[in-house]
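Once you scroll down, you'll see the structures, which are given as structure tokens.
Presented sequentially are two complexes of chain A, the first with chain B as partner and the second with chain C.
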Partner chain A sequence: MSAASVPGVPGYRAGPAERAAGWLRALAVFVIIAAILLPIFWIVLTAFKVPRDVYTLDAALWFAPTLENLRTVFEHPWNLGSKIVNSVLVASGTVLLAIPMATMAAYAFARFEFRGKQALFLVVIASQFIPAAVIVLPYFLMFKQAGMLDTRSALVLVNLSIVLPYAVWMIKGFIDAVPVEMEESAMVDGASRARVITEIVVPAALPGIITAAVFGFTLTWNEFLFALIISKQDALTLPIGLIGFRTDRGDLWELMAAGGILITAPMFVVSLLVHRQFIGSLTAGAVR
Partner chain B sequence: MTTITLSGIDKSFGAVRIVRDLNLTVADREFLVLLGPSGCGKTTTMRMVAGLEHPTLGEIAFDGVRINEVPTQRRDVAMVFQNYGLYPHMSVAQNIAYPLKLRGVPAAERERLVARAAERVELTPYLARMPRELSGGQRQRVALARSIVRKPRVFLMDEPLSNLDAKLRVVARAQIKHLAQELEVTTIYVTHDQVEAMTLAHRVAVMRDGVIHQLGAPAEIYNDPADAFVAGFIGNPAMNLVDVEAEGAGVRAEGGLAIALAAPRPGRLTLGARAEDMRIVPASEAHFQAPVYTFELLGEATMATVMVGHTLVAIKAPKDLRLEPDTRIGVRFDPARLFWFDAASGARVRA
Partner chain C sequence: MRRIPPHVWLLAPALSFVAAMALFPLGYSLVLSFREWKLAASGAPGAWVGLANYWLLVSDDPEFLEALAATAVFVAADVIATLAIALGAALLIKRAGRINSLARVLMILPFVMSPALIGISFRFFLNPEFGIAHHLIGMLVPALAGRVWLADPTLAMIAVIASDVWHWAPYMTLVVLGGLASIPQETEEAARVDGASPWAVFRDVTLPQLLPVLGVVAVLKTVFALKAFDTIYTLSNGGPGTATQTLAYFVYQVAFNHYDMGYAAAAAYVLTAALLVLSVFYLRLVFRK
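Take a look at the complex of A and B:
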């Protein structure tokens, strides 16, 4: 191979076909980014418009911004404030319960031999694939029986059932990658099983555990169907709050957009904070 | 101050019997080396002493007290794993301090002990580093420091030098020997390298297929091997072992070569002699004659190899000797340093 045919080497010139391929790739990337970002961009703009501007193309990009919408959504009858509180409590409650439970289950699946282990793990994984629509009615009846309809505890329980299988599976992958020798080494050093798990295994599998926590929080934060059926008034979460803006008098797009910002912003911040961690751990899991 | 006793230990994984009726006592403050080829059950034996593996049969005792049911963390043993088993999320200092932390040693005292252990293995400049920032030799020393930071009842080392390059291995070996003399802790050291065994051990247990073939001081194992396996495993080069059949006043090797040595008994035997216990002599004094197969310069000596039957036999010779291949040479054994083994069982046949 001559030096001139090596890309990235000084003196190398791309042929017309290669240049066309380069342009096509850039275009594809642009289209994908635009498809993802444009709706978000539109929502953000809409949230700062007065109703009149929402429907005119003249004011599509150029308008007098207002904070009125962000204030209105916190007032009667929308009361997004209480819905944010519910969402935060349900999502953090779910994650705080799910992660320790999932870590322990994942440890057992990764390290212990017990009868029916393979089958049990398969069942846990398979439970993710049951369509929500199929089990929403049984849940409704169960919680009704238990007098738990329209409570945050009920939502936490439901979300646990969604988040746990994912979390167990994800964390198990990371625990599998922790060398057993490290644990044995700690035991020889004098650590009990409990200390081995908390001081050796958990720190070593931390990227996976954080990933599972972020993922679980996101799933719960955005969960719609169960919250819609199980909560009525006291336990309403943000996603349910948003459909309140579809009223008899029409859809209140500017308020919905303001609510949309409230729902997206925390996820945005979280993803910025853990971005590197997240990507790193995802690929770490991938190449193993 | 701990004597380790293994009595009638058997270990099977499923249907495979890895360790067979093993009986071994390691004396207080003794440095015992388990030596044997890869896969013979050395690590498994050591792991049973640590409590990481449980014997299928038999009893393990420290100072006469049965410990089979005592979990690893309460056996008060220290172990250097083959891959060191360092904690990647802890600094070198934290790694070394971990056993102390688990025992509730106060922070100030911990720091003092860590500093001392680190100094002993020349790790002081690296205390703040993370394990991934260290070379293989440095990691090995962290594992060593972690196990000597406290005074355990028993010290276990599983091929601690096997991941080091040859040059570093010699240095680290000397370091371990020095440490062991200082620490005076009962030690079991596992290796497949007979040089390590010979240089480090008070006593060596030579293992094969889960059975101890010989237990004794290094010199004893070298000079008085119990069977053909031990004879062939110990020494560099390995002892020459030639299958022969007693015939008339002498013996005859497989290919038909006659050797003028009186066999201790009739039948098929294996004749053993080390390279340094044979000499190249004029035909009139020779026990047998054979053409030179290869001739090598070793520096401090030379090595002539001849073909006896189907076996290559190495003979150490003076450093200024020069031989051409295919030259016929006469070879003489040192009768006092000659070993006979039963050809079938390998058992020693004493004259």
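Take a look at the complex of A and C:
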């Protein structure tokens, strides 16, 4: 076989068979993109339809758009406004508590040698595998006893159990990649450990810390089971708000779609902004 | 007084939270699984019953055994479909190119979407009167045109699996892409120059080097499938009947609809045992060095 007939080698010319294969590939990629975008597109369309247009396929693509649904979801009895506030407070509370603790722990795991380090680290990683039901069962009973059911603080506490392990792991990966020499020379110059962390390590690992914060926020923002069990009325979050549109009169799809946009749009914007670091650190754990 | 070593105070906050929010409940639930506690009847835990809760699960609860069977079907189909799609899509878009990098960026979207919303949306798409997916599938496969998806046990299971695959396969594609990127280009090129067919290159060069990553994807997806709850709750509610009631959903039902805490803890521990075994596999795969 001559070198000119090997794809990727200079002098190679595509024959009809290769060109057909190329078209097939492009077609397959378009199918993938469509499979991701069409369901999202359909929900977005539905959010701008009047009910009459939702309950028929005749108005699938051609309809008079309305902003009514996006207004209705903020009104009584749906009150998505208060649910957005709850979701923002619970997610930011969880992240604000988790990230400093995780950064400190990640730094210790990355920079110190001590007895039982490997075992402790594995316990932190493995704690992600505990099913949510096992975590929420005891805490439901304790919060009930303490009168903390249906509070945002209770939600922050249980959400820490999923965000902390991920954050420790992610941030450790980034601190591992920061060269240790700068820290050592600062220590020789008499800087305290706390100053080394806040002034050298945190800035150097900032992309990782931000990624972990975004990821933790996303996890908490979308969290469903804990909120379903712990919140009843005052602490309801957006995902639970969505299932409120299933009523005795049937499912109010156009309102669900409008709520769906509200819960999804912020996550899309933020994750696309940090998508490079996001992809890198989300996949690093699996391939290293 | 001895100074506290820095790693101790650095680790203390995070580790005490992990202990309080994960390890303590793990122990508490285990203790609970040996007691009787019907929350509707009493605010305090009842008698110690030893292994009675576990015995009841396996000896006299067809619903639990059905949940185990449903879990096996759901997990197996979910993991196989996710692996196949993730591997296929990753091989397809691994080359540079504008469409391919667009596809890579879009892969993030399903992953950051609320699984509850995904379940609700699939329910909407499959509505027998005006569901767009119901309509389009009916045109492609006339045999399915008149079927009500969520009223049919098999179709409902397929729907639940599809919604979970839609959520996870794009993310897993990114993981596989990461694995493909770490394979040295030279090995594949050398095989190609030696005249190996594309299929032979994939089978003998790419696949063996990719196996560790595929192993991680398989274990992780098994874990996430065992924990899946949101999409099942919002899409099928475990139905029709109990056709899509997996173990995670069963535990929720027993605990928060029947308020039978001890029994729920025992069922939850069956799930926990499976997950802890998987976590050992996972840690071996990821930290094998």
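Criterion: the second predicted complex is superposed on the first by the 259 of 288 C-alpha atoms of A that agree within 3 Å, B and C clash if a C-alpha of one lies under 4 Å from a C-alpha of the other, contacts with A are read in each partner's own complex, and residues count from 1 in each chain.
Quick note on the criterion: contacts are C-beta pairs under 8 Å (C-beta built on N, C-alpha and C of every residue); 3 or more make two chains touch, one makes a residue touch a chain.
A quick note: this is a predicted structure, and the numbers were derived from the prediction, not measured.
Asks: On chain A, do chain B and chain C fit together or clash when superposed?
Replies: fit
Asks: So, does A:147 touch the first partner chain B, the second partner chain C, both, or neither?
Replies: Neither partner.
Asks: Answer with first, second, both or neither: which of chain B and chain C does A:16 touch in the superposed model?
Replies: In the superposition, A:16 touches no partner, neither chain B nor chain C.
Asks: Looking at A:60, would you say it contacts chain B, chain C, both, or neither? Reply first, second, both or neither.
Replies: Touch partner of A:60: chain C, not chain B.
Asks: Between chain B and chain C, whom does A:251 touch in the aligned arrangement: first, second, both, or neither?
Replies: So A:251 only meets chain C here.
Asks: Touch check for A:189: first (chain B), second (chain C), both, or neither?
Replies: first
Asks: Please determine whether it is chain B or chain C that touches the greater number of chain A residues.
Replies: After superposition, C is the partner touching more of chain A.
Asks: Check whether A:181 is in contact with chain B, with chain C, with both or with neither, and answer first, second, both or neither.
Replies: A:181 sits against chain B, while chain C stays out of touch.
Asks: Please give the nearest C-alpha separation between chain B and chain C in the three-chain superposition, to the whole Å.
Replies: 12
Asks: List the residues of chain A that touch chain B in one complex and chain C in the other.
Replies: Of chain A, no residue contacts chain B in one complex and chain C in the other.
Asks: Can you tell me which positions in chain A touch chain B when the two form their complex?
Replies: Contacts found on chain A: 179, 181-182, 184-192, 195, 200, 203-204, 206.
Asks: Which of the residues in chain B end up touching chain A in this complex?
Replies: 50-52, 71-74, 76-79, 81, 83, 85-89, 98-99, 102-103, 146, 156
Asks: Which residues, counting only chain C, touch chain A once they are in their complex?
Replies: 5-7, 10-11, 13-15, 17-18, 21-26, 28-29, 32, 39, 43, 89, 92-93, 99-100, 102-117, 120-125, 129-130, 132, 135, 166, 170-171, 174-175, 177-179, 182, 189, 192-193, 195, 213, 216-217, 220, 223, 226-227, 229-230, 233-234, 248, 251-252, 255-256, 261, 264-265, 268-269, 271-272, 275-276, 278-279, 282-283, 286-287
Asks: Which of the residues in chain A come into contact with chain C in the complex?
Replies: 1, 3, 6-9, 25-26, 28-30, 32-33, 35-37, 39-40, 42-43, 46, 54-57, 60, 100-102, 104-105, 107-109, 112, 114, 120, 122-127, 129-141, 145, 157-158, 160-161, 164-165, 168, 193, 218, 221-222, 224-225, 228-229, 238-239, 242-243, 251, 253, 256-257, 260, 263-264, 267-268, 271-272, 275, 278-279, 282-288
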